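The following pair of complexes shares a single chain, chain A, combined with chain B in the former and chain C in the latter.
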Partner chain A sequence: MNTEATAVSVTAPELALNDITAGYFANDIVLESVSMTVRPGNVTVVLGPNGSGKSTSLRVMSGFLRPRTGTVTLDGQDISTTSPADRLRLGIATLPQGRSVFPDLSVDENLRLGAWQLRNDKGRLNDAVDAMLERYPKLKPLRTRLAGSLSGGQARLLEFARTLILEPSVLLIDEPSVGLAPVLVDDVYNELERLKDEGRTILLVDQNVQAAIGLADQVYTLAYGKNHLQGARDSFEGQLDDLIKQWLNL
Partner chain B sequence: MAETTDLDKDAKRNSDVALAQAKAASAGVRKAPWWVTPLVAVAIFAIIAPMGGILGLGAVTTLTTVLYYTVIAQGWNLLGGYGGYLNFGAAVFAGTGAYTAAWLNSEFEWTLWQTLIPAAFAAAFVSLIVGFATLRLRSHYFAIFTLVLTFLALVVVKNWPALGGAIGLFTDVEGDFSSRGLAILFFYVLFGLAILATVIAYFVEHSNFGYALRAISEDEPAAQVLGVKTTSVKLRALLIGAALGGLAGAVYAFFTGYIEPAGTFSLDLALDIVLVCVIGGMRSWLGPLIGSIIVVLLEQILRVVVPNLHLFGLDIPAETNRLVLGVLLLIFALFIRRGVVGLFVQRRGRVVSV
Partner chain C sequence: MNEIVQSLINGALLGGVYGGLAMGLSLLLGVLRIVNLAHSAVLIFGALLYWQFVNGFGLDPLLMIAPVVLIAYLFGLGVHRGVTQYLTRESDSTVMLAFFGLMIILESIAIMIWTTDTKTVALGYLSGVIRIGDLNIPVSRVVAAAITLVVLVALHFFLTRTLTGSAIRGMAQNRDVAAMVGINVEKLSRRVFGAGIALAAFGGTVLSLVSSFSPQEHTRWLAWAFLVVILGGLGSAMRTLVAGIAVGIFETVVGLLIPFQYTYLALYALLAVALLIRNEGLGGIKQRTI
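Up next, the complex of A and B:
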C-alpha cells in the first residue's frame, strides 16, 4: 500500500477556491470571498458553526454549485464551469452527506455505478470492483444483497468504496459521521485515518471538531460565509475550546 | 476499518433483522430464475399471435387495444418506471404521432407505412422540446407539468386549422380491405410494434442506461455525484419512449379512421398508461405487457358488466369503471408497489428503510 500511497501524493493536483462568492438564491449569498487550498497529500479540514458555508464550499468544489464570482482551480487550471461529471473525470470525487446508496440496487450494482465512467470498458470495470471488494472485504459476502438492507455502517463502507473505485486524486468528504451511531463514527474515522496514511488528498467538512482536527494537516474555519482562521493543525490545537465557545456565541 | 468487531455485530444484528422481516413478510428471498420472465413474454406473444385470425371482430379490436397500450406503456415506462419520473404525458406523444400520420395521410395521401417513421420523429421532436424545458425539474413538478402539457397540446391542436381544428382529421387506408381484413391488419402492425417496444425495454433494463435510470429513480443527487449525466439520461429515456408512443399513435390514427383533439389528447389515455405500468410492474420490462392485458380487459368487462348490474334498481353509469380502476391504482400504489410482475419475481433480500 505504501508504494501506491506515494504515487497518489505525487500525482495529486492542488485544488483551490479563489475568492469565491456563491449562493443558492438570487438575493442570498452563502459564501463571500472565500478562498481555500487543498494541498496534495494533505488532509484539509473545514470547520465552522452551522450555516457558515462549509458544505456550500464543498459543493462549489465538486461542481454542484457554480460560483457567482471567483474561480475554482485545479493545478492552476480554471474549472469553475466544469460539470460535476467532468470534474470526476479530472479526479475529484465526492462523498456526499447522509445516506446515498441506491437502496433497490445490490451492493455490486452500487459499486458498478460508482465506476460509471468505466462503463464501456468491462475489463477495467470488473478490476475496479474487485479491487474495492479486496479493500473492503466486509462487502464481499454482501455483494448480492440490496443496499437498502445494509446497516448504517455497512452502507457507509459501500459509499466509501463507491467513491474510491475510480481512484480519485482528490476526495471531498461531507460530514461523514452525521447520523451514525457513536460506535460507527469511530469506524468512519478509522477509515479516514487509513485514507490519510495512504497519502490521499482530502478535503473534509465535519461538525465533529475534535476528531476532524485530529486528522487534519491544514485547517480552515468559516464564519458567516467568510474565511475566519486558517493554518496548520498545530496552531489550532491549544485554542480548540475557545473556538467552539466562540462559535456557540456567534 | 480493520479492528472493528462492532461492525460484525452490527452486520449480524442487521441480518437477523432482515431475516425476521423476510420471514414475517413470507416473501423471503424467492427469486425466479432469469429465464422465467423472457419465457412468460414469449408465451404471451405466442398465444396472442394467432388470435388475429381466430377471434371475432370485437375481440380482435380489444386485443389490438391491448397491443396499442403495450407499445405506449413500454415507452412510458422507460422514464416513468425505471427513471421514477411519473408523468401524465403519454397522450401528448401518442397524439403527436397520430396527428402527424393523419395530417400526412389526409394532406399528401401518405400510406400507413410511410407515416410511421415521420410520426415517431415528430413525437421525438416534441419530447426533445418538452425534455429540455422540464427535465431539470424534480419528479412531482415534472408530473404536474406534463398534466398541463396535455391540455396545452389540446388547445394548440384545436386552434390549428391545418390540423382540422376542433373537427379533426380523417384517415384512409389504401387498398381494398374488408372490415375484418382491416382489423387484422392493425392487429398485426401493433403486434409487431409491441414486440419491438418490449425488446427495446428488455435491452434498456439490462444495459448501463437502465442502471443509470434506476439510480436516478432511487437517488438522483447520488447518481450525479457518481458522474451520471442525469439530465441527458432522462432526456434519452423520454425521447425513446416518445418515439414509441408516436409510432403507436400513427397506427391508432388509421385504426380509428378519424381523430379529433379531445379524444386524442385525452387524460384518460395518459392515466390508463400510468395504471398499466403501476399494475403490471414499473421496474420490469414485462410489467407494461401484463398490465396492458389486465387493464384493457378489465375496462372492457366493467364497461359491459357494470351497467347491467342494476344494483338496488339503480342505473349505474358505465363510467363507474374509472372508479374501480382508480381504487385499483391506489391499492397497487400503496401495497403492491412492484406490480403483478413483482409478486412473482422477487429480488433477493428485503428492502429495509433506515
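Up next, the complex of A and C:
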C-alpha cells in the first residue's frame, strides 16, 4: 500500500445502515431491518440473488431513496434525510449500474460535470479534470468525442473518472460489470483492485460473486430484503458454491 | 422578381420571430419533458403586458421587453414551485391536463383585464420603413428579428459553452445521474422552467412588434410554435431559429402562390407532413433532449 493510499484510508469515515426499512411504493417493502457497515479503507461487498435488495440498499446509502425507518449514519452523524448532492459534498460518490455517461455531451463535459461542486473555483476544477486525464490517459485523445459514441470499456473508464474526480472518501459501486462484454469485465475488476490497493473505502454491490469476493474485506449477503449472512471474506470462501446454488434454488 | 425578393425578406424576418416564439416550448419539452400547452397563453399574456406598458403607460417599446421577460421568469418560478415540481413523477397526460388548466386560467384572466379586442402595439420610432430600391422593409420586423437572433445566439452559447449549460443538457439526458454528480436538479429545473416561461413571454413581445393579436387567438401561435419545434427538433437554439425562418419563408412564399385564406391550410399540411416523415426534426438525428 502506498503513502497516498494510507492517507485515503485514515481520513475516510464509516458509513452505516442501521435497521433500515425501505421501499419504492406505499405498500411495498424492499428492505426490512437491514443493517450494514462500510468500514474505512475496506471493500465491503453486498451479495444476494435478484430482488434481494442489494441495489436498494445502495440507493438508501446514496440518498436516492429515503428509509421509512432506521438511519443512515456517516461517522455516527445521521444523514438519512441528506440529499444526494449534499452526500457527495460529504464525500460519498456513487457509480450507478449500467451506462451512466451523458451521451450527448463530450468526454470533457462529462468530466467537468463530475466536478460540478467545484464550479465556482475554475482553477481547482481544471486541475481535477487534468488529474483524471492523468489517471486515465486513454481518455485524453477522446476529450472532444461525444460520450455516447464511446465503446463500453471507454464509457466505463469515463464513469470511473467522473466518480473519482472529487476524490470522494466513500465509493458506492453498483454492479460494475453489468452490460459489458466479457473481455472488458476483467478491466473493470482490475480497476476495482487498483482502487482497493489505494486504500479507498468501497461498498460494492455485485452479482459476479467470485470476482467480488476476491476483492472483499467484508461481505454481507441479503435474502428477501433482510440480512442473511455477514463476515470477513475468509469465512465465505468455502460456502460460495452452496450460496449460489441456494440463490438459484438448485 | 421584386415581389419574390420582398417576400423572401419578409418571410425570413417573420421567421426569425417564429424561432423566438418557439424556443420556450422547445426548452421545456427538451429539458423537462413538459408539453407546455399554456405556452401560447403565456406568449399572449406577455404580449398584452407589453402592450399595456407601451400603449397604456406610454413607455419605450425597446426598453419594455426586458421587464416583461423578467416578470414572466418570476411567474415561471412561482408556477414551478406551486404546480410543476409536483408533476415530475406524473404521467404525460396529467402534466398536459395541468398545463391545459393553466392555459384556461391565463386566457380567462387576460380576457377579464384586456377584453377580447384585437390589440396592436404603438410602434413609435420603430414604425418606419427601410427602402432599398423597390424593396420596403418595416423597421419593426428588422428589430424584432434582430433581437430574437441575439437572444437565440446567446442562448445557444450559454447552453453549449458554459458549465451550467452542460448541466442543463446533462439533466435533460439523465436526471438521476445529474443528481449523482451533485447537481441540484430541483433548483436547476425551476430555473429552466422559469426560463422557458420567460422565453414564451419574450416570443409574445417580439410577435407583437410584427403582428396584431387577441387573447382568444393564441392557440394559432401554439400550432406555429409546435411546427417550428417539430421541424427543428429539440436539439438547439440555432436549429429552432433556422426552422422558424423556414416556416416564415414558406408562409410568405405560399401566400404569393395561392389565395391568402389557404395559407394556413398549407402550413397545417406542412405540420402534418413534418410529423409523418420527420418526427426527429430537421437535424436528422433522434434527439429528444436539448
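As a convention for this text, the second predicted complex is superposed on the first by the 248 of 250 C-alpha atoms of A that agree within 3 Å, B and C clash if a C-alpha of one lies under 4 Å from a C-alpha of the other, contacts with A are read in each partner's own complex, and residues count from 1 in each chain.
Keep in mind that, in the parts below, a contact is a pair of C-beta atoms (placed from the backbone, for glycine too) under 8 Å apart; a residue touches a chain by one contact, two chains touch by 3 or more.
Owing to the predicted nature of the structure, the values given are computational and were not obtained by experimental measurement.
Undergrad: Judging by the criteria at the top, classify the pair chain B and chain C on chain A as clash or fit.
TA: Here the two partners, once superposed via chain A, clash with each other.
Undergrad: Looking at A:232 after the superposition, I want to know if it touches chain B, chain C, both of them or none. Which is it: first, second, both, neither?
TA: neither
Undergrad: More residues of chain A in touch with chain C or with chain B?
TA: B
Undergrad: If we overlay the two complexes on their shared chain A, which of chain B and chain C does A:240 touch? Say first, second, both or neither.
TA: In the superposition, A:240 touches no partner, neither chain B nor chain C.
Undergrad: Return first, second, both or neither, reflecting whether A:162 touches chain B, chain C, both chains, or no partner chain.
TA: Once the two structures are laid over each other on A, A:162 reaches both partners.
Undergrad: Would you sort A:184 into first (chain B), second (chain C), both or neither based on which partner it touches?
TA: first
Undergrad: Touching chain B in one complex and chain C in the other: list those residues of chain A.
TA: 62, 64, 83-85, 88-89, 94, 96, 100, 102-105, 109, 112-114, 116-117, 119, 162
Undergrad: For chain A, which residues are in contact with chain B within the complex?
TA: Spelled out, the residues of chain A in touch with chain B are 62, 64, 83-85, 88-89, 94, 96, 99-106, 109, 112-114, 116-117, 119-120, 136, 138, 144-146, 148-155, 157, 162, 183-184, 186-187, 190-191, 194.
Undergrad: In their complex, what parts of chain B are in touch with chain A?
TA: Within the complex, chain B touches chain A at residues 1-4, 6-7, 10-11, 13-14, 18, 208, 211-212, 214-215, 218-219, 221-229, 283, 347-354.
Undergrad: State the interface residues of chain A toward chain C in the complex, per the touch definition above.
TA: Per the touch definition, chain A meets chain C at residues 62, 64, 83-85, 88-89, 93-94, 96, 100, 102-105, 109-110, 112-114, 116-117, 119, 125, 162, 166.
Undergrad: Quick check on the complex: what are the chain C residues that touch chain A?
TA: Touch residues, chain C against chain A: 163-164, 166-167, 169-170, 173-174, 176-184, 287, 289.
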